[in-house]
Amino acid sequence: MEQNELKTHVGKRKRYKRKNLLTSPGTLTYIGPEVEMKTKVRRIRYNENGVSNELVKSLKECLPAQNGEKVTTWLDVDGIHETGLIEKLGQLYHLHPLLLEDVVNTEHKPKLEFYDAGYLFITLKMLHVESSSPICISPEHVSFVLGTDYLLSFQEELTNDIFSPVLTRLEASAGKTRRHGPDYLLFALLDIVIDNYFIVLEQLGDALDKTEDEVISRADDFSLKDLYALKRELTVARRLIWPVRDMINQLIREDNTMLSKDIIPYYRDLYDHVMQVIDTIDSYRELVASLVDVHLSTISNRMNSVMKTLTIFSAVFMPLTFIVGVYGMNFDNMPELHSRYGYFYVWGVMAVVTVALILYFKSKKWM
Amino acid sequence: MEQNELKTHVGKRKRYKRKNLLTSPGTLTYIGPEVEMKTKVRRIRYNENGVSNELVKSLKECLPAQNGEKVTTWLDVDGIHETGLIEKLGQLYHLHPLLLEDVVNTEHKPKLEFYDAGYLFITLKMLHVESSSPICISPEHVSFVLGTDYLLSFQEELTNDIFSPVLTRLEASAGKTRRHGPDYLLFALLDIVIDNYFIVLEQLGDALDKTEDEVISRADDFSLKDLYALKRELTVARRLIWPVRDMINQLIREDNTMLSKDIIPYYRDLYDHVMQVIDTIDSYRELVASLVDVHLSTISNRMNSVMKTLTIFSAVFMPLTFIVGVYGMNFDNMPELHSRYGYFYVWGVMAVVTVALILYFKSKKWM
Amino acid sequence: MEQNELKTHVGKRKRYKRKNLLTSPGTLTYIGPEVEMKTKVRRIRYNENGVSNELVKSLKECLPAQNGEKVTTWLDVDGIHETGLIEKLGQLYHLHPLLLEDVVNTEHKPKLEFYDAGYLFITLKMLHVESSSPICISPEHVSFVLGTDYLLSFQEELTNDIFSPVLTRLEASAGKTRRHGPDYLLFALLDIVIDNYFIVLEQLGDALDKTEDEVISRADDFSLKDLYALKRELTVARRLIWPVRDMINQLIREDNTMLSKDIIPYYRDLYDHVMQVIDTIDSYRELVASLVDVHLSTISNRMNSVMKTLTIFSAVFMPLTFIVGVYGMNFDNMPELHSRYGYFYVWGVMAVVTVALILYFKSKKWM
Amino acid sequence: MEQNELKTHVGKRKRYKRKNLLTSPGTLTYIGPEVEMKTKVRRIRYNENGVSNELVKSLKECLPAQNGEKVTTWLDVDGIHETGLIEKLGQLYHLHPLLLEDVVNTEHKPKLEFYDAGYLFITLKMLHVESSSPICISPEHVSFVLGTDYLLSFQEELTNDIFSPVLTRLEASAGKTRRHGPDYLLFALLDIVIDNYFIVLEQLGDALDKTEDEVISRADDFSLKDLYALKRELTVARRLIWPVRDMINQLIREDNTMLSKDIIPYYRDLYDHVMQVIDTIDSYRELVASLVDVHLSTISNRMNSVMKTLTIFSAVFMPLTFIVGVYGMNFDNMPELHSRYGYFYVWGVMAVVTVALILYFKSKKWM
Amino acid sequence: MEQNELKTHVGKRKRYKRKNLLTSPGTLTYIGPEVEMKTKVRRIRYNENGVSNELVKSLKECLPAQNGEKVTTWLDVDGIHETGLIEKLGQLYHLHPLLLEDVVNTEHKPKLEFYDAGYLFITLKMLHVESSSPICISPEHVSFVLGTDYLLSFQEELTNDIFSPVLTRLEASAGKTRRHGPDYLLFALLDIVIDNYFIVLEQLGDALDKTEDEVISRADDFSLKDLYALKRELTVARRLIWPVRDMINQLIREDNTMLSKDIIPYYRDLYDHVMQVIDTIDSYRELVASLVDVHLSTISNRMNSVMKTLTIFSAVFMPLTFIVGVYGMNFDNMPELHSRYGYFYVWGVMAVVTVALILYFKSKKWM
C-alpha cells in the first residue's frame, strides 16, 4: 500500500498530460481531472454606494458596467473545465487566446503577465491538504485577470468557495474594499490565497511533529520513506509558492498603471507574508534533513550496541566452552580428570576467565 | 552486459570526435554516426492564397521566391551528413561558413546566434527514447535558419519526419500558420520539438515508477546502478534542454526585427513550456536522490535486522552449549552426574536461562 | 524529555499563529505569548542643553515638542500586546496601519521600510538565551520609527530594559548622543542590539565547546541530537541576523534624507559588526558539521574494533573447540586416545594453532 | 608507490615556488623545472604575397617589418627559462615588465590583459597527458602578445612544437590565414590549444572507462583512491580551462580595436568549443561522483550478503551443536540414551530443526 | 591533549572579546592578547634624493614634512595595544575615530575604506604559522592609512619586523620605490604581506602531505580529527584572505585619486597573486575532502575484510564441531561408533566438508 501511495504522488502531481501534437497552439485544452458539475459564474458589481451580487445566466450579463458611473465588476468563475465558456468569456473581454490557454492549463506554474491591451494576468495555486496521514497537498489552479474596472477570477474547484470571506466583507459594509477599485479587490483575494498557505504550513508542521516523535521512539523499524514523503510535500509546496514571491515583487516594482499608488503598501505586505511562508518551509526542510541524519546516526548506534552484545557473549562463552571441551576428551591418560577436586578447580578457572574478560570489556567501555 | 551498457553511454554520447588538427577552421566536418541514405530536401512555399510542396531535385530550386508577391519559403533538409550539399545551400543563401559548421556538428549545444546579414541561426536537440529498459535518450541535431522570407530547417535523421504535423496543418487550411510569415512557422516547428520533450518526460516518469517499485520490493538485490543510469539520462536531458530556455528568452527580449510583435506571445508561451519541462526534470532528479537515500536506509535496516538475528541465536545457544559441555566432562568426581534428577535439573536451568535471555532481548526491543 | 524539547522548539519558534481569515488586512493582531503586565511608555526629550525623562500617563504627552527649539523626542514603548494603544500612538504620529501591524507581529522578519510621509521603519530581533543546557535562543521583537525630530522604539518584553545604557549616557553628559539628532540615537540603540548578538554568540560558543568535549570523550553513547539542537539554534540565529545586514546596508546606500552625512560612518561600523557576527555563526556551523563527521567516523572506528575483537576470539577458539571435540568422540577405534602422551600432544597442537593465528592477525594489524 | 604518486601530484602541480622576499616586484623569476636546452626563436613574416620563416640568431632580427608594406610578423619563442632573453625581447617591443613576469611565471592562471600601449596579453595552458596509468595531466605555460602588426607566442616546452600545423598551413597556400592579420593568426593558434583539450578529454574518458569497469568487476578490492586520482585530474583540467572561457568572452565583447570585425565569429566559435570542453569535464565529474556512490553501495550490498551467510551458518549449526551436546552429557540417569532408537530420533529432530530454520530464512528472503 | 588543542582553536581564534555595553561607540578598545612591551614608532622620510630613518621619541616628530619639497613620510607603528598613543596619532593626522577603532580591533576583517578627507584605510591580516604539528595559523592585525604624502602602517606584533625588506630596499638605492610616492610604498608593503601567504601555504601543503601519508599507511587507527584540524586551518586562512581580493579589486577600479595611473598594473599583479593563493587553498580543501572519503572507504573495505574472515572461520568450523559433537553422544545404540574405520571415515567426511566450503567461498571471491 505504501508503494501505491508513493506512485500515486508521482502519478497525480508530476505528470503532464500531453496535448495532441496536431493541435495548433492557442487551442484551449483542459487537462485536469474530469468534472461533472457545471461551471458557476457569479457577477458582483460594487462601488461605495452599493453592491449587487447575482449568478450569471447568460454571457451577455458578464460585460462590465458601462453607464458612466464608476463601478467595479468582479466576475467569479467556479470551474475551468468548460473550455467553450472560457473561450467566449475571453472574446467578450478581448483577452489573448494564450492567456485563456493558461487559465485552463492546471499544470501551469504561477506567473504574472502584462498585456499591452491594458490588463494583467495572474495565475497561482491555492493549496489544499488532501489527506493528513500521510500528508498530501493538492494544488488548485486559480487565475485572475485585472482590468481597469473589472476583475475576473477563475477557480478550478466548484465546491469550495474560497473567496466567500471577501464577498461577505464587501456586502457587510462600505469598508476599505468597496472604497477602492479592482486592484484592492485583487489584493484581498490574493491575501486569502496566501493566508491559506499558513494553514497548510500548520498541518505540515503537525505532520513533522508526528514524524519527529516516531524517529526517536520507533528508531528501529522507522523507515526513511515517511520522512521523504514529507520532504516531497515540502518541496512541492515550495515549488508552487516560490514563483508567487517573484510575481508580487514584479507587481510592486513594475511601472504599471494597474495598481494605484496607495494600494502598493498592501502588496508589499503580501510580499512579506509570502517570504515568511517560504522561510518556514525552508526551516521545515532543514529539520527534515536533520531528522534523516539523526535517524541514521541512531541506526548506527544501535548496530554498534548489537555488535557489542554479540561480541561480549561470544568472547565470554567461547573460552568457557573450550575449557569444558578439553575435559570432555577421552584420552586414557589425562591426569586432571582423576584429581579429587579437578572439577571444582575447572569451575574456578572458568570464573577467573569470565571475570577477567568482563573487566577487560568494562575497561573498553563496552559494558 | 550491464558494464557494456554503462560504457556505451559514455562512448555514444559524451565523446567528442576529434577534428584533424590540420583542418583549417570553418571546414565542415560531420561527426555523427555514418548514414547511407541520401539527404532529402523538401521545398514548401506558401502564403494566404496557397501552398506548394515538392521534393527538390536540383539546388537551383532551393532559392526563395522572388516574383514580388509575399511568399514564405520553407526548405526542410532531412540529413546533414552530405556536407557538400549543406555547403552549397549555404552559399546560395549567403550563410556564414561557421554557421554551416554548427549545422553539421551533431555535438553542438543548443544556441541562438544573430547574424548581421539579416538572418538568425538556432540549433537545438530533438530527443528520442532509444530503448526503454534501461531507458536511453538519444538526441537528434536540429537546426533552423530564419530569414525575412524563408526558413531553413535541418534534421539529422532521415526516417523520422517530425515536422509533418505542421506540413499537414499548412496544407489543410489557410489557418494561422499560413497567415503569418516564417517567424510563426519557426514557432510552430519549435513547438513540436518542445512538445516532444513532454513525451520523453512521460517515458522517463514510467521508468522512474518502475525503478521506484524495485527499490521497495527488491530492496535486497537492488543495485544503485539502475538508479544512476536513470539519473544520468535525466542529467543528459537537462543539459540538452536547459540552453533552449536561454535561447527562447533571448529571442523574446532581443530588439531584433526578425519576430513580428504579435508573434512574441507565442514564443513566451514556448518559454513557459520549456520551464515546465525543466521543472519536471528537476523534480524527477530530486525523486531519484530520495530513492537513493531510501535504498541505503533500507539496506542499513536490513543489516541491522540480520545482525540482531545472529546475536540472539548466539546469545541463546552459547550459554546452553556451555552448560551441556560442562556435564560432558569426564572428571572422576562430578557429584551432579550421579544425582538422580541431575539431568532434568540441567534442562530446568537451561529453560530458565533461555527465558531470561529472551526477556532481556524483548526489553531491548530486539525481538 | 528530549523529545519534548525537540518538539517545543518547533512549537515555540517556527509556528505562525494564523490570523482569522475573515479579518480585513491592516487589522492589528498581536500573536506573541500572552502578557499580563501593562505597556510602559517612557518619553525622553533632549538636546544639547538638557534632558527630560518621564513615564507617559496620557497619550497627549506623546507628541513631539513643537515649540520651535530643536529638541529630539524619544518614545520608548515597552510591551506591544496592547494593540489599541499602539494604534492610537500610530494615529498620533500619522503612521501607516500596515507599519503598526508589523510592530505587533512578533513573527515578522527584520526589515527596513521607507515611507513617503518622511519616516522610516525598522524592525529586528533582540536575541536572548532562554536556557543554556540545551541552549535555546529566544528572539524579542524590537521596532523603531525614525522621524525628523523623533524616534519611537517598541520592545516586546516589559521586564528587560535593554536600552537603559543609552538612557544613562544621555542623562550623564552632553556627549555625542545629545549633540546629534534622532538618527544618532537610532544608531546607539541598534548598536546595543547588535552588541548583544556577541553575547549570545559567546554562549553558543560555550555550548559548542561542551558538545565538542562530549563528542570526543563520550563517543559511544553520544547522540547526534545534541549537535543538531545546537545547529538549529545557529540556524535560527543566522536567519534572524542575516536580514539585519541588508537592512543596514540599505540605510547607508539609500539616498534618503533621514541620516545626516557625518552619522553614516557609524552605521558603516555597525555593518562591519553584523558581518562579524554572521561570520562567526558560519564558522560555528562549519565546526558543527565537522563534529558530526568526526562523530560518525569515531563510531565507525569503534565498530571496526568491536568486529575485530569478535573475529579474533572466534577464529582462535573455534579451531581449538573443534580439536577437543574430536577427542571427545566415542569411537571404539581411536588410536590417539590410547597413546601415552596423546593428551599432551593435543595441547601442543593447540598451542601451535593459537600462536599461528595470533601471528596471522598481527600480520594483518588487527591486534 | 601509490603514496608517492599521490604526493607527487601535490608536489608537482600545486606548490608555488616562493620568490625571494627581498626581490623587488617586476623582477623576472622563472620557477618552472630546470631546462638545459637553449631557447629557440623563430621569426615568420607573411602577407598575401609570401611567407618568410627563419630561426632568429640575433635579437635585432626580431623587430617587426617596417618597410611600409603590410606584413604580419610572428615571433615564436620556444622556452621561457632564459629570463634575460625574454627581458630584452620585452624591451624591444616596449612591453610592460609585469607582463614579462607573467610570461615566465609558469604558475600563472590563464588571463587576458589589455595594455594602453596598444597590445594585449594572453596566457593560458596547453595540456599534455604525462602518463596514462594513473592518468596525469601536465600543463604547459603558453603566452601570446598581440600587437597591430605582430604576434609574439611563448611556449614553455622546447621539444614539442605544437604550432607547426599553423606554420604548415601558412606556408602551403595563401589561404585564410595569410589573407588576415595577426588577429586571425592568434585565433588559429588558440584553436590548436583548445582542440588539444579534446584530445586530453578523450584520454580522460578512456581512463574513466577503465576505472568504471574496475568499479563493477573488482568491487571487492577496488579502492576509491583511483577514482579520486581521476577526479583530481578532472578538477585540475577544469581549473585551468575555466578561465579561458572568460578570457575569450572578454576578447569578443570588449570594445577593443585589436580584433577586426569579421574575425569575431571565429572567436565566438572558439568560445563554443571551450564551453563544450567544460561541459564534458563536468559530465565526467558527475560520472565519477556516481561511480563513488555505486562503489559504496556495492560494498554495502556485499557486506550484507556476508553477514547473511554468517548468520545462516550460525543459526543452523548452533542449535544442532547444542542438541548433540545434550546427549554427550555424562549423567547417570538419562533415559533417552538407553532407548533403542534414541540416536536416530535425535537425527530426526535435528533434520526438522534444520528444515524449519531454512524455511524461516527463505521466508525472510535471506536465501 | 587532543581535546585541548581542539578547544584552544575555538577559544583562541573564533571568540570575540565583548566590549562593555556601556562604552560609547568610537571608544578605542584593544581586545588582543596582553602585551608588555612598549609601542615602537619609526619615521622614514624619503624622496629620490635621500632617506632618513629614525625611531620617534615625541609625537611632534610624527607629522609629515611640510617644507615645500616633495617628501614621502612613512610612519611604521609596531604595537597597537597603547590605545592612547594611537588616539593621539589619529588626532595629529585628523583621522576618523572609527578608523582608529578598527586599527586596534584585532578581530576586524580585512577591509578598505575611503574617507572624504582624502585618505584611505586598509586593514588585513599577516599570517604566521604558530606551531607545525598540528599546524596552527595565527593572524596578525596589520593596518595602513594612505594619504597624499604619507603612509601610516600599524602592526600588532612588536618583535617580528616584517617590513624590513622594504626598508632595506629604500635605503639601498634610489630605485623604483624611492622614485614613486606613498602609493607605491603601500604596494610594496602589501606585496610582502601577500608573498608571506605563499610561505604559509607551503607549510600547509607540507602538513597536508604528512596527513595524506598517514591516511594511507595508518588507515586503521587514523582519526578524522587530524584532517578536520587541517581543514579548519584552511578555512581560517581562506576567510582571512578572501576579503583581501575584493579590497585590491576595489582599489584598482575605484575612481580614486590616491593611486597614480602607472602604479595600477602593480596592484593588478597583486590581485593575481591573491587569486593564486585562494586557488591553492581551494585545491587543498578539495584534497582534504577527497582524503576524508578515501579514509572512510578504506575503513569500510577493512570492515568488509574482517567480516569475511569471521564468516569463513565460523562457516568452516561450525559444521566440523557439529560432526564431532555427534559422535561424542553417549547413546547406547550408535552403530557407527563400533565400525572399525568409523573414526577415519569421519575425518574423511570432515575433509570433504571443509574443501567444499572453501571452494564455495572461493567461488564467491571471499578468499
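Chains: A, B, C, D and E, in written order; residue numbering restarts at 1 for each.
Keep this in mind: a contact is a pair of C-beta atoms (placed from the backbone, for glycine too) under 8 Å apart; a residue touches a chain by one contact, two chains touch by 3 or more.
Just so we're clear, the structure is a prediction, and the values are computed from it rather than from any experiment.
Trainee: Rotating chain B so that its CA atoms sit on those of chain D: what angle is that, to a multiple of 5 degrees?
Mentor: To bring chain B onto chain D, one rotates by 70 degrees.
Trainee: For chain C versus chain E, which are copies of one sequence, does the interface use mostly the same residue numbers on each side, meaning over half shared, or is it different?
Mentor: Different; most numbers are used by only one of chain C and chain E.
Trainee: Which whole number of Å gives the spacing of the CA centres of chain D and chain E?
Mentor: Measuring from centre to centre gives 27 Å for this pair.
Trainee: Could you work out how far the Cα centre of chain A sits from that of chain D, in whole Å?
Mentor: Distance between chain centres: 43 Å.
Trainee: On chain D, where are the residues touching two or more other chains?
Mentor: Where chain D meets two or more other chains at a single residue, that happens at 300, 303, 307, 310, 314, 318, 321, 325, 328-330, 334.
Trainee: Draw the chains as points, connect those that touch, then say whether the picture is a line, ring, star, complete or other.
Mentor: Looks like a ring, each chain touching just two neighbours.
Trainee: What is the order of the chains around the ring when you begin with chain B and head toward chain D?
Mentor: B, D, E, C, A
Trainee: For chain B, which residues count as touching chain D in their complex?
Mentor: My answer: residues 2-3, 6-7, 10-11, 14-16, 18-19, 21-22, 24-26, 96, 98, 101-102, 107-109, 111, 113, 220-221, 223-225, 228, 231-232, 235, 239, 292, 295-296, 299-300, 302-303, 306-307, 309-310, 313-314, 317-318, 320-321, 324-325, 327-330, 334, 336-338, 340-343, 346.
Trainee: Taking the complex as given, what residues does chain B use to touch chain A?
Mentor: Against chain A, the touching part of chain B is residues 165, 168-169, 175-177, 187-188, 191-192, 195-196, 198-199, 201-202, 205, 208-209, 212-213, 216-217, 265-266, 268-269, 272, 275-276, 279-280, 283-284, 286-287, 290, 293-294, 297-298, 300-301, 303-304, 307-308, 310-311, 314-315, 318-319, 321-322, 325-326, 328-334, 365-366.
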